[in-house]
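The same chain A turns up in both complexes below, where it pairs with chain B and then with chain C.
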Partner chain A sequence: MAIFQKAYQGYSGPLTKPMDRTFVIFRYALADVFQSRLFSAFFAVCFLLPILLMCFIYVFYNLEFLVQMEVDIEELTEIDGSFFLLTMQYPQNFMLFVMIMALGPAMISPDIRNNAMPLFLSRPINKPGYILGKLLVLLFLGSLVSWVPALPLFFWQGYLAGGGWLGDNLHLIFASIVTSFIWIVSLSLLSFAVSAWVQWKAVARLVFFGILFFGSAFGGVVTEIFGGSGGHMVNIFAGIEVIMRDLYRVDSNLLDWLADMKVSYALLQFFLLSMISLLVLTRRIRAFQVVS
Partner chain B sequence: MTEISSSVDNLSVEDSPEEAQQPPENTAAKKPTKLRVPVLELDRLSVTFDRPILDNLNAKMYGNCIGLLGPNGAGKTTLLNTLLGFNRRTTGRASILGHDLTIENHFVRGMVSYMPERDSFISGMSGVRFVRMMAELSGLSSKVALERAHEVFFYVGLGEARYRNVESFSLGMKQLVKLAQAIVHGPRILFLDEPTNGLDPPARARMLQLIREIRDSGDTQIIIASHLLQDIESCCDEVLVLKDGKVAKYCNLEEERRSNKQFLLIQIRGDEQGFVEGLRKLGCEVALPNRRRIKAIIPQGVEIQHLYALAESLSVQIRNLDYKRDSLEDIFLRAMEED
Partner chain C sequence: MSTTDPSADYIHVPQLAPGLQVWRRQLLAIFSIEFAKAMFSRRAFSCYALICMPIILMVVAAFDESRDGSAAFSTIENARRIFGYIFSALIIATVLFLGNASIFTSLFRGEMLDRSIHYYMLTPVRREVLVVGKYLAGLCAAIILFGLCTLISFLLLYVPFGVEQFITDLSNGIVAQQLGLYLGIVVLGSMGYGAVFMATGLLFKNPLIPIIVVAGWEMLHFILPPALKVFSIIYYIQGLLPIPMDQGPLAVIAAPPPLWVSIVGMFGLSAVTIAISVLILKRLEVKYTEE
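Up next, the complex of A and B:
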């Protein structure tokens, strides 16, 4: 079908592997994300904290500098799991939340609203492939702003601290990866489900925000009235904090505001949230709407 | 003789014999039209939602361009959706080019393409990027997809608009973009759902011309769902008429055209009985649909002059003489009237 011929011709060349179709969705969605300058700026800001922490760790072990600055070394807190949890994981979780709230609802709803689903699903790609392609974008970007910059920080701290610090704190790497992964996947699926349901991205963002914060408030009220940890089951902020505390092996006295909730319940909470979101997605993402 | 001359002056020939014998513009004669494997095979196919939508459909169709014709709500789009794997069949089976849709659904989706009825696009994308993405999703490499996306835009006549955002396109342009995304990867089977919806006459003619060109390329078989008889008649060689989810009529337009079953509709004054007898002696098949009107299928070798000679010999006045052929409209209307 050369341009000068302007005649229709079929195609009999090689085809890509079926799995590559998911990455097509991923590539195009990723490129779309960076068309927004605002998001690009936000994404750059997400790297400021790891850079600042890297500088802080350097300064922490630079005794000459600390003496010059007249800092009392004994007053400085120890760099351990609590430090990484409070200074890195918590703020980055917040950044992840903002990022997913900005991107998630805009990923699925325009395709449904503009009736693009039949175009995708009439091709050799199925619903899981489509959802995975979109999810990979948030997983990729989320990883870049959470556990990926945390890794050099751990190694930097381990190198400067010496004395087997890295070996004693290897669990922090695992904690960072797993916590970020749980947070990204569950929030992403929830944002996709909301956007597939609402179909208008601005409204979907509000609903996403509302579900999380009203859920949190409702959970707090239930806990206050009835006691126990049942109310925390609808508060995913409590759930992720409990998981973080456990994985980072943080002293509970230090983080005494954390919910009194078992880790298994918190994990169950995220599992249920993801399953419900997937259920909504598979029901809402369809090639056509049945009109009774 | 004067009488006959005046009768000839009054002739209202809708289709002259020469025109009627010419192959129509849509004839796909250059490429083989028959395949051993049916393009579309339906075997007691039923689809039920809250009520039966498709009911026990049976068909075996081999055409290069297959039409699904029917009034609104007849089940055309549901049948297309079922063939694309969007709907689950309730009973029966369907296959495309011999591949069962249930067992080989993924494979079938690799060789088909779909142009939906409604506006369908991905927001925020330029035309060429949108079509390129669709090509890549169909399995073309990124480089080939880009090349073919540009080519297909020129092919459908939107070459100059290919960098514009799809959302800014007019309705006619959106229809063409939908066609472009459907043919960019050169599918084996192309499903078109109401392809001329909302198009003005020139755009409609252009769309039908493109469909005929794709059909005549022989690389792609087409299945069109439409309620517009003219669209189906000008593109298709086989037609399945649907009514209330059932097959109301199957019609092989290509065979109809080849057999050239044209008949004359004759209006006379005089000895009708004798004239009919005379026609039968000439080898014509004759029917009398209503008073003073005679339908006659004329065999090879019988010319109009023979009819005038017969009329003269019986002193019959030929008042009107029309060439007729069972048009798709006739077939469709009969199918709709039949219960």
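Up next, the complex of A and C:
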């Protein structure tokens, strides 16, 4: 072959679908996550709550058992949106927060610190594909500990309650899925942004916790001094509270603490948080790095 | 080989006999390095961001005039009460806590992450001198940063009322008394939190868990019984607030400790924690691959 014919030629064979390449990132990141025994134990513990709630619902409708235990049936609270919000969604949100705080800040930083970004992005994987691959891990695991176990609970309750309970409360399914998705995506993107910026895993976790902790306190102080909903805009715990309350259609004074903020503002808050996080991520994730 | 090797004459070994003078020189050297790191390194950015927040809030409150025709600082008493609230809820609870966590955790853990702690370990410096030098540097940086934040925020309180009000309060002794207490709280808080976070930075590979545990404990101290309140740092410093804050209906009321108890308590905590840190450091085996 003549030497001029040995010049670079682009690959002309069959290409995999873009999503297949994203799933490669997802597969490897997921495998990394389960290398930690502590996380595996935590993940298993997350399933205890739905199992306990399933048992509770069964006992709730088992009149013979309740009579034997001498429980005053009239004193039992009704199982409705408020019940699921308090006993299921709140604890699940907390577990999601812990899970994302443990995993999210450690997902991007090692790749940047060890100068691996050029290696990733020189393959047929672009920035959105890389971010989506990492995000899918948290979405997948987060879904498994939030709305996925919630669905059987709703069906179980609907089956035992009968009388069209499920038809009357179909909004709970939507509420559980949407709340979990908003919480997982926004927290994950924030944790990725911190991870891309800070680089050290331990410090990134600390910064992630600090941002949310400080935002919550700062928002509370601003609301106390100036009133209005401005302070709640920097407190994502207030934002998710407002969204949950609206989606689950529960009494506003359920927990005797309500953020005076419109749902649209709460949604805007999460949208802005995600956009800012994505902006930081796209600036930090680059196909070239100054190797130090 | 002759014992009077002429080449040995050219090796100048500094005549430094171990003692107070050497330790003082080493302490000053460590202090200056660590102080510069705590004040001007990239990690200090988080502290500067933190201290800006209360100042921004005070600036906004000082110039706020739009709400129902009444300003946030309608009267000087109201302004002092609002500053007291900001100091209690924002400066102590978050700025001081997170800032000290950032400064003191990175004294040792940061060096391990940067893979530079072995430089200190290889120098002929006693571990006691190293720990005290680092602690004092962190403490000075924390006092300067958070003290400055408190001072600026306090002075902003007088913006709507003018210099006359400030001079009146200064001559009445209100400024000296209140500002003295606020700055004293910053010093004691930095000592207490700093000591705890320096030790946790040495003890734990992931300092987030102890920080969350300490944060949870400090946040819940108001519902703790008096016997358990004594184990929280906030108990010792909150009692010194010139304008006590309402802790809510669930709070378990306990008598605040006297001033001398707060001071002795924080000094004692610092001494004990420094001693523990020295012990840990003497047994420390650095393995960077595990970080």
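Going forward, the second predicted complex is superposed on the first by the 271 of 292 C-alpha atoms of A that agree within 3 Å, B and C clash if a C-alpha of one lies under 4 Å from a C-alpha of the other, contacts with A are read in each partner's own complex, and residues count from 1 in each chain.
The rule we apply is simple: contacts are C-beta pairs under 8 Å (C-beta built on N, C-alpha and C of every residue); 3 or more make two chains touch, one makes a residue touch a chain.
Here the structure is a predicted model, which is why all the values come from computation and not from measurement.
Trainee: Contact-wise, after the overlay, does A:8 reach chain B, chain C, both or neither (first, second, both, neither)?
Mentor: first
Trainee: Figure out whether A:287 sits in contact with chain B (first) or chain C (second), or with both, or with neither.
Mentor: So A:287 only meets chain B here.
Trainee: With the two complexes superposed on chain A, say which partner A:110 touches: chain B (first), chain C (second), both, or neither.
Mentor: first
Trainee: Once the shared chain is lined up, is A:16 touching chain B (first), chain C (second), both, or neither of them?
Mentor: Only chain B is touched by A:16; chain C is not.
Trainee: Check the residue A:118 against both partner chains and state whether it touches chain B (first), chain C (second), both, or neither.
Mentor: In the superposition, A:118 contacts chain B only.
Trainee: In the superposed model, which partner reaches more residues of chain A, chain B or chain C?
Mentor: If we count touched residues of chain A for both partners, the winner is B.
Trainee: Tell me which partner A:24 touches in the superposition: chain B (first), chain C (second), both or neither.
Mentor: first
Trainee: Touching A:32, do we find chain B (first), chain C (second), both, or neither?
Mentor: First partner only.
Trainee: Which residues would you name on chain A as touching chain B in one complex and chain C in the other?
Mentor: Touching chain B and chain C on chain A: no residues.
Trainee: Given the complex with chain A, which residues does chain C contribute to the contact?
Mentor: 43, 46, 50, 53, 57, 60-61, 64, 67, 72, 82, 85-86, 89-90, 93-94, 98, 101-102, 105-106, 109-110, 113, 205-208, 211-212, 215
Trainee: What residues of chain A sit close enough to touch chain B in their complex?
Mentor: Those in contact with chain B are residues 1-3, 6-16, 18, 21, 24-25, 28, 32, 35, 110-111, 113-116, 118-126, 286-288, 290, 292.
Trainee: Using the touch rule from the top, collect the residues of chain B that touch chain A in their complex.
Mentor: Those in contact with chain A are residues 49-50, 81, 84-86, 106, 109-110, 112-114, 116, 118-125, 129, 133-134, 136-141, 144, 148, 150-152, 154-155, 159, 181, 183, 185-188, 191, 210, 213-214, 217, 219-220.
Trainee: Sort out for me which residues of chain A touch chain C in the complex.
Mentor: Listed in rising order, the residues are 101, 200, 202-203, 205-207, 209-210, 213-214, 217-218, 220-222, 224-227.
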